[in-house]
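One chain, chain A, links the two complexes that follow: it is found with chain B in the first and with chain C in the second.
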Partner chain A sequence: MTLRIWFQLVKKLVPLFLTILFISWLYNYYGAWDYTIKNIPEFFRLIVEHFTLVIISMVCAVLVGVTLGTMMTRKSMENASSTIMTVVNVWQSIPSLAVLALAYGFLPLIGLSGIGMTPALIALFLHAVAPIVRNTYSGIDAVSKDVIEAATGMGMTKRQILFQIELPNALPVIAGGVRTATAIIVGTAPLAFLIGGGGLGFWIFTGIDLVDTGIMIAGAVPVALIAMLFDFCLARSEKFFISRGVQTIEVETV
Partner chain B sequence: MKKLILLLTAITFIVIPMSAMAKTPVKVASKGFTEQVILGKIMVNLLKDRGIPVEDRTSLGGTNVNREALEQGQIDVYMEYTGTAWLSLFKKTEVIRDAVELYAKVKAEDAKNGLVWLAPAKFNNTYAIIMKASTADELGIGSLSEWAAWTKKNPGKMSVSTGAEFYSRADGFKGMMGYYGLTFGKDIPDANVLKMEDALAKKAVRDGQAHCGMAFATDGEIQDYKLTVLDDDKNYFPIYNPAPVIRAQVLKQYPEVKFILSEIGASLDTATMTRLNYRVNVKGEKPEAVAKSWLTGVGLIIKKSK
Partner chain C sequence: MGTMLSLQKVTKIYPGAGHIKAVNELSFDLEEGEICTVVGPSGCGKTTAMKMINRLISITSGKIIIDGKDISRLNTIELRRSIGYVIQNIGLFPNMTIGENIAIIPKLLKWDKAKIDEKVQRLLEIVNLDPDEFRDRYPKELSGGQQQRIGVARAMAGDPPIMLMDEPFGAIDPINRDHLQNEFLKVQEKVKKTIIFVTHDINEAIKMGNKICLLKDGHLVQFASPEEILTHPKNDFVADFVGGDRTLKRLNLFTIKRAMKDNPPTIHQDETIETAQNMFAKINSRYLIAVDGEGVLTGIIDKQGITDKVTHVKDVVSPTEAWLIAHASLKDGLSEIFTHDYGFLVVVDDTKKVLGWLHTEDIKETLKG
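Up next, the complex of A and B:
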């Protein structure tokens, strides 16, 4: 019995340990550590910018995405929803870099600036909102009609059905959409530098331009760690928020 | 499936020996930005015209990709700038302001690697600081000294747009501030420096997002965007000439290439290169067409009468 627990622990710790070892070796070998220490104020500023990009666009995407997705499942929106879904599907197939380029190109047409943090945030938001809308819509749509009928029979109002039956039941699917959106945002955020959005992408591109792998690693590794951090947090909060009864699959943690 | 195998066998036994029998073409590459593509196309068309088999590998990628491909023999020649080679590829920290000395040092350094630097072009693709013509008039700034004086008088007011490379290079932005007597972080705080993709830095200035910004001396858009290049009156920016860098092995096979490619540089000055960039970036002409028309214009390719 104890042996099995040890084995489980080792199975979890060995990859973690190897990853840490590999990253520290990378850091040392290419001199990324020295560069980070030498530019520590800039490093923290870039980290703050990066988190700002990810968190603001993420929060907006979740709020708007879930609201829109829920609205689409209401009876009155039935006609519009298929059109919106088509738009969402097409939108999601556009590569992230192209979305940034579109934000840069189109925002000046409506009198906004195409360079800086705002266009980057708009681009990230627009790209991340698509999977959330889609999953919210299909998640609520997939809730069994029998369950809703039973709820109606129990005398629940429309609002009660939405908040106590439909949304909790759709939550695993919505959470999947949120994770996809996070992956998109975290993956695209380094590109925000290109249109003046700041963030850790600055060091990655500096490294590429100067043919200096150290600077590139000093930017790329924190980006990867932030991605892992967000994925870990989401997985944990899914376990916490989603009711036990609808947790179909064991949610893997890092 | 059988057909596929048959086809593959046919390819192995017919096509590969055939291509080996033909003379191996010279693989000409370039980096991805306009000026480099034009230079690459110029080399491609000139070599073709002189009867040398050429493989067009232009717009290959960044400095790193081209250099690595050249060292490993995946490409044979591309144009590199003396300054970029010295600072980024050879990792030197000393800034050399004499163009001839820099060229000689770079050439000597690469001789060890089996790479030959052919005659450099006359034009100078160094960095330049640009400002909207109207802003420059308003603030009374025409040169970098005046720019520094204004910045010193109004600490924290001046904003700058720059690409990542210029911001971090030894001969880049921070060095320039120091050279003109300014302190980075005090006279221009880090928050006032907008960092973005190289080509956008000019647009940020045009759109009024920054007072001044980084550009390349040969950028075609400077005139079109109504921007002024601030005069580098204390000569901070070094002179960076591009030159074809070719593998010595290729020169053994085609000794005449050395002379053919050396013809290009003599007629390419800064004004000419700016005009060629302008034709592609602003007028929307194809780099290939611009390269060909320039080559016939200066008489390097004689138009054959039909």
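Up next, the complex of A and C:
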């Protein structure tokens, strides 16, 4: 028994350790470490910008996505929901870079600046909200009709059914949407630099432009680590928030 | 015991083509503590009739009175909380533990926590599931039969005087269904709820109901006790629906105790064979029932098995399986009689003490009424 637990642990830890080793080696080899130390204030500014981009767009996408997805499952929205789903699906098929470019091109037309943090946030948010809306809608829609009938027949109000039955049971599916959204945001955030949104993309693109691999790696490695950090946090919170009764697959955590 | 539930000319017309009456002027009264099984061919309106009671379906015309109160004047949510509801597909909440599932209505009714915990504990005991083992498990970890027991426990949690059950055992395999039915009847003896029990299975309707409400195309065809429906079906439809074997079905309605003859020919197993011979001479029977000092059945003596060498009863007693407990059904009794060669059955109590004996003639007499 204990042997098996050790084995499991080793199986998880070895790849993680090797990845970190590889990244550190790369980081040191190209002098990214020295560059970062020399530019530590700028490094922190970029980190803060990067986190701001990711977290704000993420929080907005979750709030709006879950609300909209939930509203679409209400009887009164039956007609509108298929239209919204179509829009959401089309929207999600547009590549991230194109979304950024579209935001850059469109926002000035409605009197907003196309350059800076705001358009980057709007683009990230719009792109990330789609999978959350979609999964919230289908997650709630998939809750068994028998469960809803039992709840209604027992005298639960619509609101109680939504918060105590529908949302908790849809949570694994919603969480899937949030994971997809996080992957989109974390993957697109470095591109935000291209429309003046700041973040660690600054060093990556500067490195590319100057053909200086050190600067590029100094930006790329933190970006990769942030992605891993978010994935870890999400998996942890899924374990915490999703009832054991509806967890379908064991959520892998490191 | 007064009238608990009263349906008065309840009618449901679904909007749309034809204005077909799904339920047509249905009226009946139900006493407190009675189980009324609503039965009929599919599409007869039995589920519609039931769902109008907790207003999952609105009434087109007519009145439903619960405990003297017209339900159309009550708040829908409060009404539903005062009515237990069990459906065929159970509908346990997958995100909640068994304990939380049962506690849901008491929580909505704002009971205090100690009272809720105690209720959960007691209900799990009533439905024969170990509270400590099951309280913290999730529905997906339970078998279908276990889940339905929780469904019943959950419906009883708010102490509703009335329960609606929509084919509660319909999705459960026959062996478990029989078991659950018996268990439920035992629970009902303790809790004495007024129950509307929808089923499409006439056998279940006969077994579970004090009253049977037989519907056809939204009309009430016959509302009577199972005994009445089986002996005096109102028309050909009812007779057909209960089946050609309805007399045999009546066997389920009686216990052996009701049909058996008292004072069977018993003899103490330590008696001499002369005593036995004397008894055989007095009564017109090939067999005697041997008992011990406490009156407990030890076996049967066959007159033709007695030879000259035998001196005592206990030398010729052959152990027997031809006995049944007095509260078993006549159907089991009849089957047991045919299984053995004696032509009768020894009827005993829980301690296997002999109470009487049962012949096929006794069964015939009972069925004649």
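The criterion applied here is as follows: the second predicted complex is superposed on the first by the 251 of 254 C-alpha atoms of A that agree within 3 Å, B and C clash if a C-alpha of one lies under 4 Å from a C-alpha of the other, contacts with A are read in each partner's own complex, and residues count from 1 in each chain.
Keep in mind that, in the parts below, contacts are C-beta pairs under 8 Å (C-beta built on N, C-alpha and C of every residue); 3 or more make two chains touch, one makes a residue touch a chain.
Just so we're clear, the structure is a prediction, and the values are computed from it rather than from any experiment.
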Mind checking chain B and chain C on superposed chain A, clash or fit? fit
Is A:160 touching anything from chain B or chain C once the two structures are fitted on A? First, second, both or neither. second
Between the centres of chain B and chain C, viewed from chain A's Cα centre, what angle do you get? Round it to the nearest 10 degrees, please. 160
Identify the partner contact of A:243: answer first if only chain B is touched, second if only chain C is, both if each is, neither if none is. second
Look at A:169 in the shared chain and tell me whether it touches chain B only, chain C only, both, or neither; answer first, second, both or neither. second
If we overlay the two complexes on their shared chain A, which of chain B and chain C does A:208 touch? Say first, second, both or neither. first
Per the contact definition in the header, classify A:72: touching chain B only (first), chain C only (second), both, or neither. neither
Between chain B (first) and chain C (second), which, if any, makes contact with A:198: first, second, both or neither? first
First, second, both or neither for A:146, with chain B first and chain C second: second
Regarding the shared-chain residue A:184, is it in contact with chain B (first), chain C (second), both, or neither? neither
Once the two structures sit on chain A together, report how near the CA atoms of chain B get to those of chain C, whole Å. 48
Where on chain A do the contacts with chain B and the contacts with chain C coincide? none
For chain C, which residues count as touching chain A in their complex? 51, 54, 56, 76-83, 85, 87, 89-97, 104-105, 108, 138-140, 151, 154-155, 164
Per the touch rule above, chain A residues touching chain B in the complex are 42, 45, 104, 108, 113-116, 193-196, 198, 202, 205-206, 208-212, 215
Could you please specify the touching residues of chain A with respect to chain C in the complex? 144, 146-157, 160, 164-165, 168-169, 171, 243-246
Residues of chain B touching chain A in the complex: 62-64, 67, 88-89, 161, 163-165, 167-169, 190, 194-197, 200, 203-204, 207, 209
